[in-house]
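Once you scroll down, you'll see the structures, which are given as structure tokens.
Two complexes follow with chain A in common, the first pairing it with chain B and the second with chain C.
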Partner chain A sequence: MSINLDQAQQTFIVEARELLQAMEQSLLQLESEPGDQNAIGAVFRAAHTIKGSAGLFGLEPIVSFTHIVEDVLDRLRDASVAVDATLIAVLLKSGDHMLELIDVVASRGEALQTPALEREAALRQALSAYQGADHAVAGVPMTSVVNDTQGDVLWHLSLRFGVDVFRNGMDPLSFLRYLDTLGRILQVTTLTDRLPALDSWDAESCYLGFEIDLRSAASHATLNEVFDFVRDDCEVHISAVDDTPFETAPGGTELVAQPEQLAPAPQRVATNSEAKPRDGNYVRVNADKLDELINLVGELVIASAGASLLARSCTNDPLQEATSTVSGLVEEILDGALHLRMIPIGDTFNRFRRVVRDVSQELGKDIDLLISGAETELDKTVVEKIGDPLMHLLRNAMDHGIENATARREAGKPSKGHLSLNAYHDSGSIVIEIADDGAGLNRERILAKAQERGLVATGAQLTDQEIYNLIFEPGFSTAEAVTNLSGRGVGMDVVKRNITLLRGTVDLDSRPGQGTVVRIRLPLTLAIINGFLVGIDQSTYVIPLDMVQECIELDEPQRQSSRDQGYLDLRGEVLPLVDLREHFSHEGPPARRQNVVVVRYAEHKAGLVVDDLLGEFQTVIKPLGKLFGALRGISGSTILGSGAVALILDVPALLSQIVQLEARTAQAPQSPSVVVR
Partner chain B sequence: MGAVTPSRHTAVMADEDAQYLTFMLGGEMFAIGILGIKEIIEYGSLTVVPMMPAFVRGVINLRGAVVPVVDLSARFGRQNSAITRRSCVVIIEARADDGQPQDIGLLVDTVSAVQEIPAAQIEPPPSFGARIRADFISGMAKVEGKFVIVLEVDKVLSIDEMSSLAEAGQMPALDADAR
Partner chain C sequence: MAKNVLVVDDSSSVRQVVGIALKSAGYDVIEACDGRDALGKLTGQKVHLIISDVNMPNMDGITFVKEVKKLASYKFTPIIMLTTESQESKKAEGQAAGAKAWVVKPFQPAQMLAAVSKLILP
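Moving on, here comes the complex of A and B:
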């Protein structure tokens, strides 16, 4: 083929995986609404496309298996088979098997392992029950026909490529080349009778047809597969010619009639046109290229900030105007670039439908998954990395959280358990909630376990919240029985660690008998934040702007009283203060004028005492590297327009650090206090 | 990107493993192999990172990358180096235990020269008496009749060790995972 096969195959693998995922979605949809014609159509299309593409690459195992699946789906479509739970289960497993087959291709593995082959045989068996009598014969031999050589047959192929073939990204020539690999092309007659006059010629349209004589050992079905990709807008007729190879080339206007071939074509055209507009709206871009672009935009932001700073320092009005226009544009580019990386979390959520279905069946519990906020967008890297922790939490909720039907009825709850996944934006971060209506956490048991493990001193007074969050400690599991799914005590601490790595936090709330809610709070993006610059001494710090509520000046009397009390009266509200100068042990006397930046994170509110307020600044986050891995309260750094490095405050970590320090100093007042009062 | 301090690349590019950069620190001369050295820049515009051990001086902007600067003297457990007009930052590519490269700046009093030191003139390190940790020393080189300590850069700039020191420095005050 003229195209790079390797690359095309990669595309095929990616697409096939996506299609399988879509297929799974539709199957689950079908399970809840058995009559959904759209879902049936979608499942069929997915299988059909995979089969077609796999055929183009000669991936025989995929083609032959998918063929059977497609057959069953076809019968489902024309309602000769009814949707039932067993069929869905078989089809879901078939989907898994197809994924496995594709993975084999992706990893360039040789063939499936024996267990997988056994599974395949079982699936074929199960599927054949749904195949019609005629199909059952047609489906299975397809592979065998290819394998056993009946000897070469002379085939005559009549091809009429559709006008849009080029526009759909197909090259007729590649089909001819591929045919050549299947056998020996004896003769090709190119039909040019559809060519229009030169002035009405559209260079992007295909007007050609071919009459081909091919001597090949391949079966009719195999040859037919070759054209799966273009079947929708082309006419293809394949017939065996008994003899006399060189005289059969017809005038080229008459197509060999094969009415049963023509019948399914219009249907497929219809289904395909639905899918097309979707393809047109998206461009597939390599994630690395995107990252590179965003990095560059980040540098651009810094450079443009530097330019503005220089422009402001010289009294040249036109120059200042020009730089401010540039800055405005750069900001827009930045927003746009960042938006490119934002994807809705819905895809991740939907993946869990299958998990919930399978796990609930395995556990013998009836569990419903409710998804809301699927359209909430967040950074692609975050989305990718949040999948595993969420999976863990869901499994935990299903295994430990939700009771079995009997226990639920005894507790006066509906026997069907409910699990909900919800996502929403809240002050510059995204919150993902996993809630179940199960038994809730057993406070006493967690406490007992924690004391047994020495995590908590006996007699220590802990709030419910603190006790519940103990389950995020390493090696902590209260499950009495270790099941397949969870209970080994690996998991919750990993969940917490993964979320912390994403600069997020996780929090758990539980009510006995009513259920548990796990709340994950994540930053929207990992690359760039809107920051508020503050100065302490010669140093500059950046506070994420989403957390800044307001700024107030700290006048002398207030300063004195706040120094004594450690809090400020903010319009009748108590606002605890943190003197960053002392917390960060900056030497030297405090500035004559000090300011308070009021920050809010989740339910915490605090005032940070700083020297100067330096204004807003869009900052590219530069990680500080492993050396500063243990540093709390500072999440990264950024480069200012002046070229100096500024540190970005990690407000949540800073606040929790201070809360802990206060608790500590309250317990042991003689210990030297680092925190300011 | 603002004004970056002009960098003076080490002039010698020849790939002979017997070449060393010698520099002064607290009146003593040290040497490190030049292969790990990326460049030498003047000391300037450093941002202090709070709550870090004394040997982490801060971070600098190296053409858009944020690079930590380690005060070598403090790393040896001595006083922080005093900044003079001749203070330099030697940028070294260090490796964490997981193989991730990271640039680290090494604050030294003055850089002296790039010298070829034949392997025969390098003695094994003494087990004590050099007043710095024995595992920091890869050998004692004889240069112009005087001993020069050749440093084991991987040990001196072990990111894992330094970050655990940083963690330990924070822990007594924090013990953040206790709850």
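Moving on, here comes the complex of A and C:
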């Protein structure tokens, strides 16, 4: 039978990775609380499930290695082995190795490379110290279906089914049918001699026996196996009738198994961890399907906006009411659909426990990681992509932020360093905080370095905040010695760029001697944007609402002066202007009245000159095709209720264009003191 | 109408493999991720055969089988236990609880089908 298991194997890979993740967490939990039975149970279950599933796919390397791990864990569960630091370290490494083995399967690789094999040998060696003396030889019995071809034999089977056979869920008839698939049933005699008188007859009991003649190529053992499930309370005699008996003793073999004395089920597997919500009722859905759904819902939003618009244009009250109900529902559907993509950040956070443990050991520092807000939900894409920047920030904090124990004691701080990861909602966005209680940033050193690199003009007056944020500039690294961990050329500027790509922002706050806090602010979702609609000519543009600060009307005298100077006097502040009409080459005379939308991104502010202000609008972002990739100042598009296309402005790009322009025209920048890119 | 088989296992890859095998043989498959989930799936539809893992979170297989045996409408439903531990103790526990059939993991899909077809027809 050919059954295609490829897809199931993909599921196995995903599942095994998740299990290993869970196993790692439980091991770390076990390290801090060695007696935690739940954690032991969880670790065991993870290894156990991986081994079981790997066996289904015939992944022998995984099975044989995991078997040893499971064996050790079983002893841990029995309390024949005690939890100690070495064991945890070996088990963590074993988990890593299992992941490696699974990666080989995932990448359809041939086998492990020599270094990995050497690691495996070392691990096996280390694990064997914890195995019992009588441990089973690695490997699992892989019983295959016996398919003997020794020519047909005539068998005689005597079956006496037990009275409870129905109650045990067994149907004698289905065994007979199954026998028929192994050979040809020549004759069946039903024995009814045990049938009681009608008044004592129980319809739920079985009183039948069968005498069967079967011609089959199957071996005695195979036939015997057929009745495995009813062995307990049935009498089965199988004998060869022909003169070519193979392994049957003359007169047939007694195959009645003694009903085993069954001990009451010991409740040792009491690892029903109520506290694990992820064991709940989940449906695994392909992310593409979700994206498709969200895309469709987006279309629905647009279509329903179109319908409302039409309804409003024809004066039909019931119709308007109906469309407004539809719009309300569509909005709810949209919220629900977007929620489907949201996953808690906790899994990403928890992965860092191991990182912090390993890195702190490597650095010889004692560092504790505190996690809060793990349940905060974020768009799946954001969660996937935020891992690397977070990892970099954490490593930085451990490497450069937190001092070694001696320095900490001298500074009057506890020798154990603290690192915290926190996530929370804040007005429509998600904030992730990475805080350490280390030495803080060195203001002078950063400033000196920035001046040396030409990032800051000498003599410029910068606030502390501005100076600290200089470390996010490209080509900036203050570490004096390049350590193994950070400072490998991938700087904080990459962190910032990755976060910006997610439409997020990052800023940093530091207090000398007390520590540093990095705050990453991310949008709740990447698919929807709260926009502010503006009109130029006949076209409509969308400005992300969170960047809009205020709107002002541009009157005639201001218009003249601003056109000449390119900036506006906003309550004594210099506000550079971008005339979008000009920027996007709209032809025709400017409108009689113009407005300025003041936008802000990071520390830059500018005014966008537009014709009309059309109000707020929640909209679904449609990415632009590759063809438009080179367009500057546009980040995407959306479709309005009327069916018209509106372009979404890329405010950060527009702002950096202005800043560049200024830097070029004004040789010595006076007022905007920080030069960006 | 094809017969319904309820596959209870916390490992979705196991469920998938068993599901693929059973569907190829003409059974309909219902999946559940643990005993608690499975009990919910037993109501509202007729399940003709149950295949259950032992070691599962929330409600383990043995407890689940005991619960099934309490249900009047599942009095005669065959139950196959999946055991990875080829140890007799688990099998014995399962049998005591009422799951008289078993398949030892890891199994080939054909082995599973053989066990199922001893008990019910598609």
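One rule holds in what follows: the second predicted complex is superposed on the first by the 390 of 677 C-alpha atoms of A that agree within 3 Å, B and C clash if a C-alpha of one lies under 4 Å from a C-alpha of the other, contacts with A are read in each partner's own complex, and residues count from 1 in each chain.
The working rule: contacts are C-beta pairs under 8 Å (C-beta built on N, C-alpha and C of every residue); 3 or more make two chains touch, one makes a residue touch a chain.
This structure is a prediction, so every number in the text was calculated from the model and none was measured.
When the two structures are aligned on the shared chain, A:R284 is found in touch with chain C, with no touch to chain B.
Residue contacts after overlaying the shared chain place A:A630 against chain B, while chain C stays out of touching range. In the superposed pair of complexes, A:S205 makes contact with neither chain B nor chain C. Contacts of A:S327 after superposition on the shared chain: neither chain B nor chain C is touched. With both complexes superposed, C is the one of chain B and chain C in contact with more chain A residues.
Residue contacts after overlaying the shared chain place A:T189 against neither chain B nor chain C.
When the two complexes are overlaid on their common chain A, residue A:D232 makes contact with chain C while staying clear of chain B. Touch criterion not met for A:S420: it reaches neither chain B nor chain C. In the superposition on chain A, contact of A:L647 is made with chain B only, not with chain C.
Those residues of chain A lying in contact with chain C across their complex are 1, 3-5, 7-9, 11-12, 15-16, 45, 48-49, 51-58, 63, 140-145, 166-171, 174-175, 177-178, 181, 204, 226, 228-230, 232, 260, 262-266, 269, 271-274, 276, 279-282, 284.
Within the complex formed with chain B, the chain A residues making contact are 299, 302-303, 306, 466, 469, 473, 539-540, 583-586, 622-634, 637, 639-647, 656-657, 660-661, 664, 674.
Contact residues on chain C toward chain A in their complex (touch as defined above): 10-14, 16-17, 20-21, 24, 33-34, 37, 54-55, 57-60, 62, 75-79, 82, 84, 86, 88, 92-93, 95-102, 104-111, 113-115, 117-121. Within the complex, the chain B residues that touch chain A are 1-4, 45, 47-52, 56, 58-61, 64-66, 68, 96, 100, 102, 104, 159-160, 162-164, 166-167, 170, 173-179.
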